[in-house]
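Provided herewith is a single structure, encoded as structure tokens, for subsequent inquiry.
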């Protein structure tokens, strides 16, 4: 096949189009680069990551890794990143629970419950998150009574305007030798999961529901055995006690953290409720009827017919809500929680290193997104319904 | 054999039966109902009490104009009313020409006009006349729409197309028009700014979103990777960071001798770039819903790619994504509140400014509740209108 | 039977091969069509018949061999492809009418924008074609308001609007309810009698008997047998042909 006029060849034209596009991008990039250099030069700024090692000289309200104002900017940003990850992880856990409960409540046959859940979803979803966060912070947490008149909940859990105090565990010296039992307990959970998978793939019958108790019994057994070998208990419960002007002991959740956490959990929970509801409704009634007429028990129906199909519909939008929660944590800046974004903002203010810090911010959030997308794609490809 | 007429047993119909079935059917349902009722009572009673007695709603009344239009010069507020009348007219016209499709929005608009007129009367404001005029305009245009029918569709479509640029011009003004002196965007505030940000963000994002969606589906790898890259980049980061970036970087990216645009314009650019990535996914969904056969038929007829896109594919795709587009608008409307973080005086920031006034210290709950209700009310109204529109279009049924 | 110009071979296919990735779908097709001939292609599903005729107007690309339509060779040359597509009309199994345009707009669209005729002329010609296929009164309706048979007739009119030299039919009646098949076949028979060169992929053997000049039996990507309708129906040579004919003719 001789192609006489190559300039009319489809493949040539396609390549040409792409080359033109790249040229256009390159020109645009060059134009922007020239502008940026000129502007920076005019302001006497230079581009570079040298500032990362300079001392930060600002304090951070709360941090999960040791930090002082004499630490570097790099460390400050790291503190922010950890803060973001902590509130996101905890938020994801709690919001899943809230969302599932609300979603199931929506489907309840109890008129009052389902309407209440519907009102929850309808109100929360239709208002901006930042306003809800401010409402939680200014309108609720800061309105809690002073430390001396703290609201006491069973636990004991104390609600005050300085924060929420919970009992927490403190590691005693014997914890080091007991730690290995903790790892063993975790490993046992994973091993049991593999065992169940092996059994499931070999036999056609589902695993009886009560076998799932093994997930709880095995690790607890291991931990208890470990306890027998310790001279003293490895963990001590620390109860917050009012001493003088403040509580001592226990775990303190700052007002900012508490407001951000509750705000994110309640907000994202409303979206998850809808996702769960849609997922359960997606399993058509015919499926349940067919399962029952085959003689499957309720437990078996749930396990073999409803959950797998509902999960397929639920998981993809669920992971995207998790990602939204992580991204929305950046609104912490509105209520003073020192997350990645707010600390990065401070760094930009102090160093003027706009471009460099923005790149760091983007890369951090992008990594979180890509990681979540990756997990979701793996899950999707494994459970995708084989269709014609 | 005569048919026997029997009444259903007493306990299965009527209000008591309903209560029994829906609230007290089993023991745990009964328990749940009682617990929920107790919870409602415990929460609502103090809330209602506070609302009606202790709350200082004067803060809202005193600052109403501030909440609505920020620092927009009061003597130019006629321009805003004109924009509202034009909106009423367009909605009325659409109602007359497209009937059921626009009926939801028309009812909302009429109801809102009446409601706001009533509120104005209660608050002793003169604006009740303006709201009634808006409703009147709507009805007049409705009548003309009914008369025009088929021929009116072009006028209505053109009208909507031109409406937003015209309104922007109206609000912003321009140096060359003597009776429309420019009003700096720095003076725009409150609900006005919120709406302008949402509208510009959505409408500006659509062309870019369409291009990105086409690029995403293109067979040419470079275009495809670029589109995917842009979309995933934007969707992977929070909106707040995009706004932040736009705020700081736009002046940096412009040539040295050009005056950097003010904060509102920069925020609009940020919203457009952000929203475009999400619109791209919506449009892509619409494009995917189109049968391959449509492309093939167009190809077989000899239509070029551009002609196929313009006349065959895009019209069908856009119709399919209208619900998603409206959802995007609602989301963006909520997201404009993030403008508060970068210094824009949209509704939320105005709220915080009001809270700083010495007369009204401590009125947090009142102000936040008000803002809350504004957002919630607008979103519910818009959702209602768009749902009626979807039903009328039979989206998904074609 | 209409006049067949023995000297004009309007479609020439030499040793055409096609793969879909690694799936070998056309395994060396050799076929020529004279101007004015009506060719019927039949065979089991998956035999490559649809793929083959879709190669003729480049809806599918062949990897090996030559396809020459009206003297123009089908290659990657954009101009050639455009020229060929203007000369070849296609009618699809799923009609593929444009749902957002009226019937008249469907028919007039291509002549208006590709051949650049005037608006009035396009409208006039479209009405003429609608009359020709028997449904002029549907001009201002939307495809969704028409029955399947009517839609397919509009599709035929739409393809004819570009005044093609060749018409391709890809199982035009397979998606129709039985009572509507006849109206579409009648239009096709009329078209055949008017001298149009037609390549029709179909199972409608009645149509083949009525107007086909030659029939080709496709199986597993190859032409197993070809001949005139009387040859094929009365004395098929290959076993596979006999088997297939017995399966579809027994209904």
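Which chain is which? They are A, B and C, in the order written, and residues in each are numbered from 1.
In this section, contacts are C-beta pairs under 8 Å (C-beta built on N, C-alpha and C of every residue); 3 or more make two chains touch, one makes a residue touch a chain.
These numbers come from a predicted model, not from an experiment.
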Graph class of chain-chain contacts, one of line, ring, star, complete, other: complete
Centre-most chain [mean C-alpha coordinates]: B
Pair exhibiting more inter-chain C-beta contacts, A-B or A-C: A-B
Computed distance of Cα centres, chain C from chain B, in Å: 49
Averaged-CA centre spacing for the pair chain B and chain A, given as whole angstrom: 29
Computed distance of Cα centres, chain C from chain A, in Å: 57
Touching residues (chain side chain C, partner chain A) in the complex: 66, 73, 75-81
Residue ranges of chain A touching chain B (in the complex, touch as defined): 14, 17-18, 21-22, 25, 32, 35-36, 38-40, 42, 108-113, 116, 122-123, 126-131, 134-135, 138-139, 327-328, 330-331, 333-334, 341, 345, 348, 354-355, 358, 361-362, 365-366, 368-370
Footprint of chain C on chain A - complex, ascending: 1, 3-5, 8-11, 13
Chain B residues within the chain A interface of the complex: 22-23, 25, 29, 32-33, 36-37, 40, 219-223, 226, 232-233, 235-241, 244-245, 248-249, 251-256, 330, 334-335, 337-338, 340-341, 348, 364-365, 368, 371-372, 375-376, 379-380, 383
Contact footprint of chain B on chain C as seen in their complex: 57-59, 82, 85-86, 88-90, 92, 94, 96-101, 109-110, 113-114, 144, 155, 158-159, 162
